[in-house]
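First chain A sits with chain B, and in the next complex the same chain sits with chain C.
Now for the complex of A and B:
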């Protein structure tokens, strides 16, 4: 229960489970996009198999990302004020613009250019309502001459190049929202945006591994092992950087040993032991890193390798969700008087409850299902080219 | 004679490339031109003049420049909690605990061990007796409220500008504009803000703005039986705040955060956060 002294206004926790979800979702978006860009810009050919899937994954999660924020507002009906009369010194006011830029100028455009030729072909082949949907999606541009397709390719590449800093912006910015709160010693850190960014890349690669393995299972196909191996390698590198950064942050705080160090160590040992030490560090970082090293570099059968990758990627998701929890909820579990700890009870029902969170967590997968049906991302030819 | 257009009469020389097209093309061009002009002048107006014009209008309506501040003399506070009660009544605040615009903390420093702080129901109903047998070195009360910072982090982070600092130095929340994102509550280092459970907007001390603009004192200052709370203008020569500053060794809370609070404490030790 409560211990020590907390300011009377601090009994109610301000940012709930939904706000944990928000950086988790945007992290997946940024990570999946950066993964896609590896193929497009950096020519990692092994990843061509998951290029389109990563793009669609990023899009599906991006569509859902603002919903937890909206549901959390005291006055959701006033949400548009952030667009119409933004307060320019506020980090949060930039959300609308960063989001709109990323959705409209990066993801949708890139998906459109990448699929344009296919969409035109489908609009000619398909029948019934589908035909009209595809016709609408061509936006009236039905030229698929060699020259036009070459332009699509160029435009797509250009957008990806613009998209990489945009993805960095999207999630680095979310980190800045927390990292710039000087009132909160648990959040206030210049490393926060960078840690957010790398954890985003980690979570994005891991979710694409999970989705790829599951979808190949459902489609009765054999997963492409070189691609999976490459994904696992990149995941491992990103995890090593992410883990080192978090360790650096931890050591830095410990070494500087500021006024807040006592309450923060109380916080870790009394409130965040399970979610920080157990699920974030052991289950979510060390174990999957070991799993990936074993599977990638050990002498393991392909089947076993896939299973290890899958379990590791799943644990990574648990770990990343714990990171978001530890930042958002952890940062509110101690008093700004630095004299006491408070508690957070998760609601079950209600707009900010567990069910709502679960719903918002599942919604991207439903959207992804529709997107995949509409825009099949599989690389084997689905139509006579 | 040359029958071509005469520029001196405002006629356009014919564009050879436009030959064969009707004059619709030119009118479209004119339209676009004027569109650009309108947008540019609108932008100019917005960036350099417009806002200042509005602000000057408000100034002319008689808002004299003030710099309101509060001073608190810890030595005088007896922890009766009447200020907390008066605040809740004056501002029609939710009666239940955990929503306070002002509250009183009690600090108890034992001879051995760490300082203990409590504030049961914001100190509104006074404080329980200190446990017997505990050897106490010192004990004192600290009234808390919004610090109406000169450099307020809450104002900085508000995404819609619903919370703002008035020209007379009071930080307010526009409850008709606040979206209820709670970022300001997170940004306040003093725990002075809360989410109003009925209005669903951020709420906080206003220095009783509705009273001070009529020349009255804030409710908490008005009811304080020992004059532990002093209210006035920081920069007026005959202000009680000036007097307080002259005769007391005072400090502000969490000065390291550079929020520049306008609530000054005399007699508050470093254990007060």
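Now for the complex of A and C:
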């Protein structure tokens, strides 16, 4: 159970599994959005195929992202008070605004501009209730002249440019919340927002790979290999940066060797061995990196390549989830006296339990399904397959 | 002349955002309490709400009026800093009514360990007992008077108050050493610790009596040359005397 000495108020962890879920979900949002912007701003043509899909993915996950926080609160209804009476010097209280900005000013706008022409067309073709839904979504703008569509194009690009720093803000902010806790040597690090950001990009690209492969399977289509290859490349680069940053952070701590180093090495070798060494580093980083290198640059058949991509992207998700776990749970497992460790037992039922987490993890996919039905994102590749 | 014409999209969006902002402003009007922000980032009338709450505690001095005997006894005892209502519970009603609504009296054995049960986070010298071992089965108040808890006789061992050091030493290499091997303790320290302070070893020789190469002690004891080993530092700058370890 407990080992060493631990203050009475540290036996029980205050931030539970749901708080692990929250940075995981926002990471997916930021990552998927940054991926989408690659196509938009940097003109990576191979990614056209997944552009809309990644936007919708980001939106679906963004809608769910605050739910774990709400479920964690004793009084969820009071969350609205941070909008009504903003507390400007509290990083946590500013979350509402960061979130609202990102949802309203970035994602929804970008989706709207991108789909506007299609929405107008659909509002003319569809029948019954759908027609009215589309009509509502046009916001009364039915102009689809070439000039108007060109404006949509420009506006979309502009929003993406604003959106990239916003996505950085959204997830960097989550890292900041942890990195700025002075009293916690496991969290307190200026590198935290940056590490969070890159792991977000990694997780975002990987989730889009997964969703893309699965959806093409369901639709009986052949996945567009150039696009998958490009995705895998970006995933690999992002992972290399992410991994080196984490390594840098690690070496930095080791070299600084502050007084907390003993308890932290205890933490790693006792409590976090499985989730850090095994799932985060070996299963979640090294193995998928090797898998991608093999699939991308090795001589393998396309079918095999897809399978390897899929497995790697899945492992990456496991790895990123472990990162969030190790940060959030790991940071609470040792005593502030630096003299002992506690344990975390996951609840099964209950508002912060395993089932709730699983539900919240599945919810984005349900939302994504609805979004995809409403706003079909399928673009056929522009080049011969 | 061609006037710059706002695209239709922007007009719609502006209207939409205008509506959102108006809704926000109205919501603020309705939901933010009127007195919010008068003194600070909170509802000023919360203070009145708090003030309206029933007063449950009478305060440490209120009891003196009628229980002056107990008050006097306690204020000269070890429990002088423990307020009456810590043990007897909120007694405002009792005071106001002039003696009705008798306060609770915690006679049961599990009450005193709230403060005196062994817990390593308690400050050094705070009197603590391991409840399971300290006269089990008998009520604490059968031996200690709650208003004047001077122990029936002074404790024989240091463990009564220095429980953490004692427990740590018990499982260390120094388990066989008595505290007095290294500390010279005036007898009064046991009865009145804060007034009679104990010295701490000041020189290496304390350790040297057993660990020096030349010392006449058990052969099992590891030896060092106390003149050179550790340089000019005191031994306990590196080895915690109550739990000495070689590897640090």
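By our rule, the second predicted complex is superposed on the first by the 379 of 385 C-alpha atoms of A that agree within 3 Å, B and C clash if a C-alpha of one lies under 4 Å from a C-alpha of the other, contacts with A are read in each partner's own complex, and residues count from 1 in each chain.
Operating definition for what follows: a residue touches a chain if its C-beta (ideal position, glycine included) is under 8 Å from a C-beta of that chain, and two chains touch if they have at least 3 such contacts.
Bear in mind that the values here come from a model prediction, so they are computed numbers and not experimental data.
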When chain B and chain C are modelled together on chain A, clash or fit: clash
Partner chain(s) touched by A:79 [first = chain B, second = chain C, both, neither]: first
Chain B versus chain C as contact partner of A:151, first or second or both or neither: second
Touched partner set for A:140, first chain B, second chain C, both or neither: second
First (chain B), second (chain C), both or neither touched by A:128: neither
Dominant contact partner of chain A by residue count, chain C or chain B: B
Which superposed partner A:113 touches (first chain B, second chain C, both, neither): second
First, second, both or neither for A:182, with chain B first and chain C second: first
Touched partner set for A:11, first chain B, second chain C, both or neither: first
Clash-bearing segment of chain B relative to chain C, given 91-99, 109-117, 145-153 or 235-243: 109-117
Shared chain A contacts, counted only where both chain B and chain C touch the same residue: 5, 7-8, 85, 87
Touching residues on chain A, where the partner in the complex is chain B: 5-12, 14-15, 69, 72-75, 78-79, 81-82, 85-87, 89-93, 95, 177, 181-184, 332, 335-339
Residue ranges of chain A in contact with chain C within the complex: 5, 7-8, 80, 83-85, 87, 104, 109, 113, 116, 139-141, 143, 148, 151-152, 155
Chain B residues within the chain A interface of the complex: 97-100, 103, 105, 116-119, 121-122, 144, 153, 155-161, 177-183, 185-195, 199-201, 257, 273
In the complex with chain A, residue positions of chain C that touch it: 7-9, 11-13, 16, 20, 24, 27-28, 31-32, 36-37, 41, 119-121
